[in-house]
Amino acid sequence: MKKFLNTADTYLTDALAGFAAAHPELSVNLESGVVTRARGAVAGKVGLVSGGGSGHEPLHTGFVGEGMLDAACPGEIFTSPVPDQATEAVRAADSGEGTVLVVKNYTGDVMNFEMAAETLGDEGLQVETVLVDDDVAVEDSTFTAGRRGTGATLLVEKIAGGSAARGDALAEVAEAGRRVNAASRSFAVALTACTTPSAGRPGFDLPEDEIEVGVGIHGEPGRRREKLRSAGEIVSDMVDAVLDDRPLESGSEAIVVVNGLGGTPLSELYLVYGEVAALLEERGITIVRNAVGDYVTSLDMAGCSITICEAQEDFLPLWDAPVNTPGLRWGV
Amino acid sequence: MDIELARTWVRGIGAAVERERERLGELDAAVGDGDHGTNMHRGFDAAVAAVAAMDPDSVGAVLTTTGTTLVSKVGGASGPLYGTALRAAGKKLDAERAEPAEVGAALTAALEEVRRLGGAQPGDKTMVDALAPAVDAFVRAADSGGRLGAAARAAADAAEEGMRATEPMQARKGRASYLGERSIGHVDPGAVSTALMMRALADAAAEC
Amino acid sequence: MKKFLNTADTYLTDALAGFAAAHPELSVNLESGVVTRARGAVAGKVGLVSGGGSGHEPLHTGFVGEGMLDAACPGEIFTSPVPDQATEAVRAADSGEGTVLVVKNYTGDVMNFEMAAETLGDEGLQVETVLVDDDVAVEDSTFTAGRRGTGATLLVEKIAGGSAARGDALAEVAEAGRRVNAASRSFAVALTACTTPSAGRPGFDLPEDEIEVGVGIHGEPGRRREKLRSAGEIVSDMVDAVLDDRPLESGSEAIVVVNGLGGTPLSELYLVYGEVAALLEERGITIVRNAVGDYVTSLDMAGCSITICEAQEDFLPLWDAPVNTPGLRWGV
Amino acid sequence: MDIELARTWVRGIGAAVERERERLGELDAAVGDGDHGTNMHRGFDAAVAAVAAMDPDSVGAVLTTTGTTLVSKVGGASGPLYGTALRAAGKKLDAERAEPAEVGAALTAALEEVRRLGGAQPGDKTMVDALAPAVDAFVRAADSGGRLGAAARAAADAAEEGMRATEPMQARKGRASYLGERSIGHVDPGAVSTALMMRALADAAAEC
């Protein structure tokens, strides 16, 4: 395993310590991993909290700050946080107006956050959960744990964050998040497996001429293995998968995220974006906003995901609203 | 089962998980995200310490503390499942000693909790496929007057058989379900850890 | 080679086309590769132009925009641009106040930009060149081509960009850039080699337990090969190399850049930053600003560089000044 | 040398570079950034086309166009060096024919331009280590009354010898100098491309 690390066991806390050192505007509890804004909950504002396994940086810790999350609770690598972390994060985020909890749809995440929500409910805190399940590589049926939460999380957290920041009420913030999720679909492919510090070697072996298609963000193998083809062909399949699941008519407007999985350089992501843009143009879909970069990663995996979100009218001002976080920053 | 045996069981699981940590991780890497070994290890490390530090007044207290520790240390799918299951089992055993039938009722409560929380059916390729036959075997042995050791041995055997039976299954719950047909041909890591836990009980109760 | 690409020959133009599609606020000449602000030169403002080989994205194209560059001229991968590209970029950036050309110190870059500057001089345009040479892995002696320009380029372009944006005159903008360069030193290590599309395989073979120490940003081998050690040990050597070359006294203030080379995930960069922060604290040096992320990359190389810049008084307001580019954005 | 021979020379370099593209890249990867093959290929591809499309009125025009094309297509270190060198050579040959001594003077001007622009001394492990002995051999052969073919052959032989002599050198110019002692043991890619260029001249002038 080739990584900058001291020991596998301290990887997470060491990385978090560095994050804390780099971002004095945030407050980082190195014991629990919970990250909050240094100034605490914002009076009169609905809280927004997210969390999940680590290894997806900048998600979620990198999205804490003005215009986005109030707190994040990262778990161990690829392991959903425990309920205690989630309750700590929500308590820190709650100013009395209630808190929206953004949860990616994984069995572990759902269960742990549910337990946290019960505890918080018992304490009299209002908590609304927004479940993100955008990954069309997984069929949403009784034969699976349901679609996974992946790239759309960026959109949900930014737009719900904008809604909370402008003073919307708890139900409205949650509703904004849910509508973004409902309007979004994603699909990912991996060129290489990723290596968790504890495993010390890649999660799967992938020959030089093969790729994993329909992967998630936890280093698991995808739906199928294919021969490596040209970017144009790969991206065309990805866009088809996304739009087959949730068609967009000619004339619609979309927000597109081309998200790197951690080991793919920016130039390749732009190349992929160019293919997406051409394909959507052919279909008469206008891309009104885009984000190209590493947002929801899978450690050092080479690969990318494509998220297409129908840009419903009220999404754009909330996407454009000021944001000041380590991972996303504009307008302030 | 007395308090000391409960403690020995937890320590036994801790040792088994320590020993099998890497294998659990590899099994999970094949169909999931590879963290089941470290998850179980982190949880039972803490549980063994918690149980050693406490002065329990009942068998159930040992299991409840173990469950609570798992919930607050493990995360992932296995943390809440094993954690609440053990808490449910613990609630049933509020005396200093428990007869085999009472332990059987506690294990039944644990299984119910796993099924309620996770919603998995037998055949979905999860820990349920090891736990359900194990609990069944335990209860049957205890009901027919079997001693703890014998019932636990039957449970461990059944758990291991159920664990092996997950190999040809296609997963319908948890991360492995994302793989669809590609999940076939791999043993479920949670079923393996369940089998380890039942075997640890059998070992702890071997003399009973 | 595992990359998202169509053909090796079209990699660069395809990536640039995607960049153009993603950033309508910029104007991209797909023939020449020159990127300018869509609204052209800013009246009354000194122009700021940079360029160099491609493969370092977001540098330089991603730093075109308000508060930073007016134009960038990317060459082929790891190949300095030709004089025609540089002249096109400067002409687009020049509003009559003169233009500062930021050039990284490589034989090819220096010669090509010099030829461009001659041509532009003949046309009556005023051009000042700022040479960036921060990489202490290379001795600055007659036995080498001199220190390379690497991570400090981010600081030079941002701070000179701030100087130009606030209306400073040509000589002042150039002077700001030169002083930032003089105050900065960098050092990089690679965990893996990178693969150029045309070569199709890694530039060098590196065993699983070895790293290249003192690498540049063009996939070349480093000064020496070493066993992989803990992040703490590696970073300690890197910081020593930087501060041995340009010592900072206890009590000084620094801007620190921990820069990913393209294939290293953010969590590792933060881990590295944590080590740097601890080491500088031990030496009594206060980090007053930091940037942790991929800024000056080397395609898909896993590795990082550390840049330490003495934060001279006037640097901070210029670093903090608003910037709105694809690769760096705050304050607007 | 007449105009046609100059064209044949440029085409010959184009073919040699096409053939050796990969090797030039590999040599450059060992001590530099691996682009020398694609750089030369891109440049001479364009130069061959430019020279084919033009209707030159002098030998020098062919070389000047080649040089200008290299400057505007290659980039990197080799682009300006080879480009301005060929332009300098071209300026010396403004007639339809050039005698060997005139070609020698043109090559001398090219070498001077490379040395002026790049500042490299013989022994610095650059193209100069192939070009300097080649020009020297050419001029000596021409001065002693040798015909173009013989002078060019002497130059090509000297270039190849000079190229091979770069292997044990430690680079002091260009990217290879960043490697310090690690640059020892590799042939300089620019010296190789220079040798290719001189050999292409010898081949084009074989019958002269």
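Order of writing sets the chain letters: A, B, C and D. Residues in each chain are counted from 1.
Keep this in mind: contacts are C-beta pairs under 8 Å (C-beta built on N, C-alpha and C of every residue); 3 or more make two chains touch, one makes a residue touch a chain.
Model, not experiment: these values are computed from the prediction.
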item: Third chains touching both chain D and chain C; value: none
item: Mean-CA-position distance for chain D and chain A (Å); value: 54
item: Centre distance in Å when chain B and chain D are each reduced to the mean of their C-alpha atoms; value: 75
item: Where chain A and chain C are represented by their mean Cα positions, the distance between them in whole Å; value: 29
item: Pairwise touch network: line, ring, star, complete, or other; value: line
item: Touching chain combinations (by label order); value: A-B, A-C, C-D
item: Interface residues, chain D side, partner chain C - complex; value: 25-26, 29-35, 37-39, 42, 71-81, 84, 117-118, 170, 172-175, 177-180, 182
item: Chain A residues within the chain C interface of the complex; value: 1-7, 11, 14-22, 54-55, 57-58, 62, 191-192, 208, 211, 228, 230-232, 234-235, 262-275, 277-278, 287, 290, 292, 294, 297, 299-300, 302, 304, 324, 329-332
item: Of chain A, residues touching chain B in the complex; value: 53, 75-84, 106-108, 111-112, 115, 137-139, 142-145, 148, 196, 198-199, 203-204, 216, 218-221, 223-224
